[in-house]
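Chains here go by letter, A, B, C, D, E and F, matching the order in which they are written, and residues are numbered from 1 within each.
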């Protein structure tokens, strides 16, 4: 099992979620981060103090999937999150040793299979 | 009619009306963010529901000629409420001014039952309460044939009518509704203290209309009521901060906001009856029982969520009694109190408070039980957990970013196709 | 001159001025956080730009003696606007009172084009619009030689001049600007509903100056306008919540705020012309077309972002027409409406609305096209995506924590050396 | 007594009182979120502490008959402050009106020392400052036996008494306290710009009471002061946005809020003395030195955190001097200025400013040193790092969600057992 | 060493913290995420626009523990976070290669042992 | 490749970013977390309810780097984030299996090399 972590533009979030849904990815968690990369920087001015905002708002997705689901997941994100301009973000795939579903205590594969949907994995 | 009086009463009425949105912020800032809209809406709907009911019926029950206990129906549907003089101002303006009091009194009660009461039950409750509790008590105290009025009870701007009344109703409502589901197992912290401060600031501002407007004209009496309304809360604020400092070593902002409101509540019945220097004393003294009332309440099982009882019930009672102590005919031209040789006044004040406690307590209890028969009073526990904003109003107070949101058009093609199919249940 | 009138008009003018910051919050709370300052600034700058232009020229075009369609230049640069009486108050105060109306009318339009219009284009547009659209229509309706005034059109406080006018300008502006880039593909949710409620509360408060101040004195007529301004929005709020309840099963806070504003808009032309009980009816009735107008608009391609058309255009039109229905000479001393035996009044009202629609619509269109030649009307799509606050104003509304921020002093050594070199491009 | 004057002065006093909560938001929005309550509280406590002290002693020192430099004790403890006329209004109302000025002046200073001053030290400081600095200067300028008054210095509503005075005190306080610990190494950005806009909007609203109320009646003079108070900030706002546009290519919201305040400050001494068209000039001109003052200050080591010096000190000074330039007897009936053939007035104005600078500067310095002996003036550096809200007040302004929070009842069983033992130190 | 990441209902946060305390887990970091899973969805209406909120607020815990501490940690969370209704969340266990305590520079085991508490691991 | 996760005092964020810049680390993502450790606890009082805030605000950095970059990155953080008082925070290093740059689809090393900067790894 793997944990796919994706950091990308917040404005692409809806698109990414749609695409993931098409790829049958059901469970995920989203948070907001501030990213620093090669993006266009914003200059802001407050009462005579000019500041350079080196950080830009990004969305961060965390999706735990079974191995053979990694590829479709990554592809879906790559497809939907891309705009082609600097600052599109990154995807990391991390190894996971164990997964639990809190509701049932189920482990691993079973823990990430949607409820009531015949497991395809 | 007197145009200067009209000018001042126009302003006063607008000021008192503003107090209800102000209360929405005072209360709304003190609850958790997931219940903030619900809390604010409890004040805002009062502007509509009570405002309309007051015009249609409530005003008549309170001020139309009737008996000692309730007014008649002569002014129902605003009959006879016209541009002719009532005192020195047009009758319709007097009706509006009084209406703003009815609106805020109902809204005050909500502080005791926020974060759990079903919104529809609340609506029915405040409608009935305005007609069955507020109008009669208002009649007792302020109508020329009301029994407390004829008896000589002093209530310049509503210490008993508004604050003791709302305080006891809040007490009863908190008991009937029961505590929030995690009460005493979890701390409920204010989600936006600046909003509470904003509310307190606007309340003070509006209260000048409430108290100085109760002189019903731009008179020296109004100036006196204005001065006491400025000084008493200032003193209450000072005493409150000192109590905070003694107890926790820290002066809190929620405490400051509360202290201001308590000072305002306490001066309400006394506003035009006592001297400015007495107002400083009254404000300072009144802070103490409310402060400790609030500390004590937090240790009980009584989930009077925003401490309406300690602030308005206790504050109003103390204010009403101290009115009987500090009243000075030399200033008001009305009556002296205990300190100025008329101990009887204190007794009358006590009776007025007692009668209000009793009547409001009993009838509020009955009304809540009645409403409970029609609609469950409480939201379901899971809804309470999710938050009243989402479950009762289908809204959230704050959103950041552009969430993953699906636009649903009823019975129409949905804009966002993939998630739409999910929505339609066609999951695979 | 009458001092009581002066007192009331001083207050009224201050109240109407407050409505523009209030509008900033009403609108600002309803947009996304990344555009909230931009939206608020669209109201705030009107205080400056329109305020100054009004004094220099707009007032003269509206109120100096002129023809049936526009005033003259006698009062340009405030010539002759002095402390002498205009009616019962100093002329300069009358000018200020009218100025606050010009300010808010321009700001109202912004609701249709927020989240995408270039700020500089907006500034140029409202400057021209005030002089070319607002001043003439104001002259028609309120100057003693204006054609609608002489014809007997009733508009107590600006139903056509302010609301129909702003509504149709908003309609045209929304069409010319085009929808936001993700309109209808993404839901745009309010980032801070409490701000919208605060705005609605302050708007109501200020509207007492708007309507009751339009009596131009502390008179019984002002008291009547005050009462209707209290009752109509209360009724609109009640009806709106019932419609919400019927349609979604939930009473929304955004709905409540909107309902209040619609009630206020609708009562504006009628305020001093109808009885208080008619005001309750008018407010209640007027809620309905705006409610459904708003629901309908959301399904169209018309991105009138904050529904200025449904609230002000529809609400103002309905109010102006109902003024012709409910007007009662017995209350106002001016004219009867349809219900009181004078059906002709309704016709006059319809013409006033129609003329405003036509003139404002056409000239607004022309002005926008003209401005578009000088400055592109819309921000670039990427700027729209990043948010107007950062791209148009170089600011963000909210910041938490102590971000990683670099202080830049122009052409000077930079405080934070490492990041500075990055800033200077010297990346390796 | 004149009832219309009473009506207007009741309103004015309420308006000025509202300015202090407004200031709390203007300042509170500009600081970091971790210090926002502390900043707001610095304004709010002034309502209590200065309000009470003013009634007890400050009013007497300022307005009781005394010498050229300070008043007597005749009105201490409000002796003789009754319902009899002082001018055309009750004496007690005059006392209240003046009290609201004392309150906000003390609060203004806080802008220079927020985010680091120990709250208890601040409380002691503003108490002493009100009595030792504000009351005497107020006496000089506004008491009929004050030396600047008899000498003919013009200060309609407090340009020197309030703004120059607070500005120089702020300057001294910023120096004595020293800069915040990361000053110039880190940018301190406003945590909530909408709050700053709200503050600016409410300040403008309240300022109508401040300036037009200073006419002490509902007179044409009040109307004039009202008009100039509407036009000068409008012009200042326009000029400020243009300066912003020229310098950064962007019109900022913080700038707009600041521009409004600067315009208000500058018109304060001149409000009832100059013509409306001069007010537009004055407001526009006054924006410039404050704008550049603020830009310049940001590059110095002077951590006048919220730029009280540039806004109130510079703005007040420029306003006081321009009063000596634009004054027009034809409008005010009082005195002409430089432009109208009386250059001497400018000299008198300069002396008034100079005397205020000197006295306020020296005494403020002495008082701060004195307070510093009793209580350390600054919070500890770690407390400054953690934030003043938590460390000085034991509160946080904003909370979301239901954090992991432990309810502690003093000396009682604790609700949440596991964490409780941790709290008690019994960690293993 | 492992990193235990748990995503669960925010309303269970206090309970989870208590239970972790009982299990002697001292160090942890919390953030708020928005989750998408099989949970009940909320319909919201804003001025004629009906939206479906597919995301619900969750809390996310991150706890770095030495190997033999993984089990008690997971058990504590499973116990305290469970309500039995859909949407209870998930726990992931990830491998960790290195841990540093910033204050001291201590590494690995030493870095996650509470200060002043005799190490039991 | 590794994912370096660092949790430290928010007030050190600027310093850490500077130090990372010096160490040539370009891409990173920041979020805010609430930490529980051995830190000084705050007592707060709201209307008679005294609460103990066991959580303190921290910043969390996530930096994905190629292997030989791990050390400089960790060192930079250790240096800049340290104050010496309890509560300075922790750094975790996790293994990463795959990295993608969303803009280009580049993988692994290439995905974390700054644009236009000659890769030194």
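Just so we're on the same page, a contact is a pair of C-beta atoms (placed from the backbone, for glycine too) under 8 Å apart; a residue touches a chain by one contact, two chains touch by 3 or more.
Worth saying up front: this structure is predicted, and the values here are computed from it rather than measured.
Counting only chains that touch, the fewest steps needed to get from chain B to chain C is 1. Two chain pairs are in question, B-F and D-F; the one with more C-beta pairs in contact is D-F.
Under half of the residue numbers at the chain C-chain D interface are used by both copies of the sequence.
Comparing each option in B-E, B-F or D-F with C-E by residue number, the pair that reproduces over half of the contacts is B-F. For the pair chain A and chain C, the distance between mean C-alpha positions equals 42 Å. Chain D has its Cα centroid 49 Å from the Cα centroid of chain A. We define each chain's centre as the mean of its Cα atoms; on that basis chain A and chain F are separated by 18 Å. Of all residues in chain D, those touching 2 or more other chains are 2-4, 7-8, 11, 185-187, 189-190, 192, 198, 248, 250, 252, 254, 299, 394-396, 400-407, 409, 416, 419, 422, listed in ascending order. Residues of chain F in contact with at least two other chains: 11, 14, 17, 30-32, 34, 36, 44-46, 49-51, 54-55, 94-95, 114. Contact residues of chain B toward chain E in the complex are 185-186, 385-386, 390-391, 394-396, 403-410, 419, 422-423. Of all residues in chain E, only 44-51 touch chain C in the complex they form.
Every residue of chain F that touches chain E in the complex is listed here, in rising order: 2, 5-8, 31-38, 54-55, 58, 60, 74, 77-78, 81-95. Considering their complex, residues 2-5, 7-8, 11, 15, 32-33, 184-187, 189-194, 197-198, 200-202, 204-205, 208-209, 212, 217-220, 222-224, 226-227, 230-231, 233-238, 241, 245, 248, 250-254, 256-257, 259-260, 275-277, 280, 299, 331 of chain C touch chain B.
By the touch rule above, chain A contacts chain E in their complex via residues 3, 17, 26-31, 62, 64, 94-103, 105, 111-112, 114-116.
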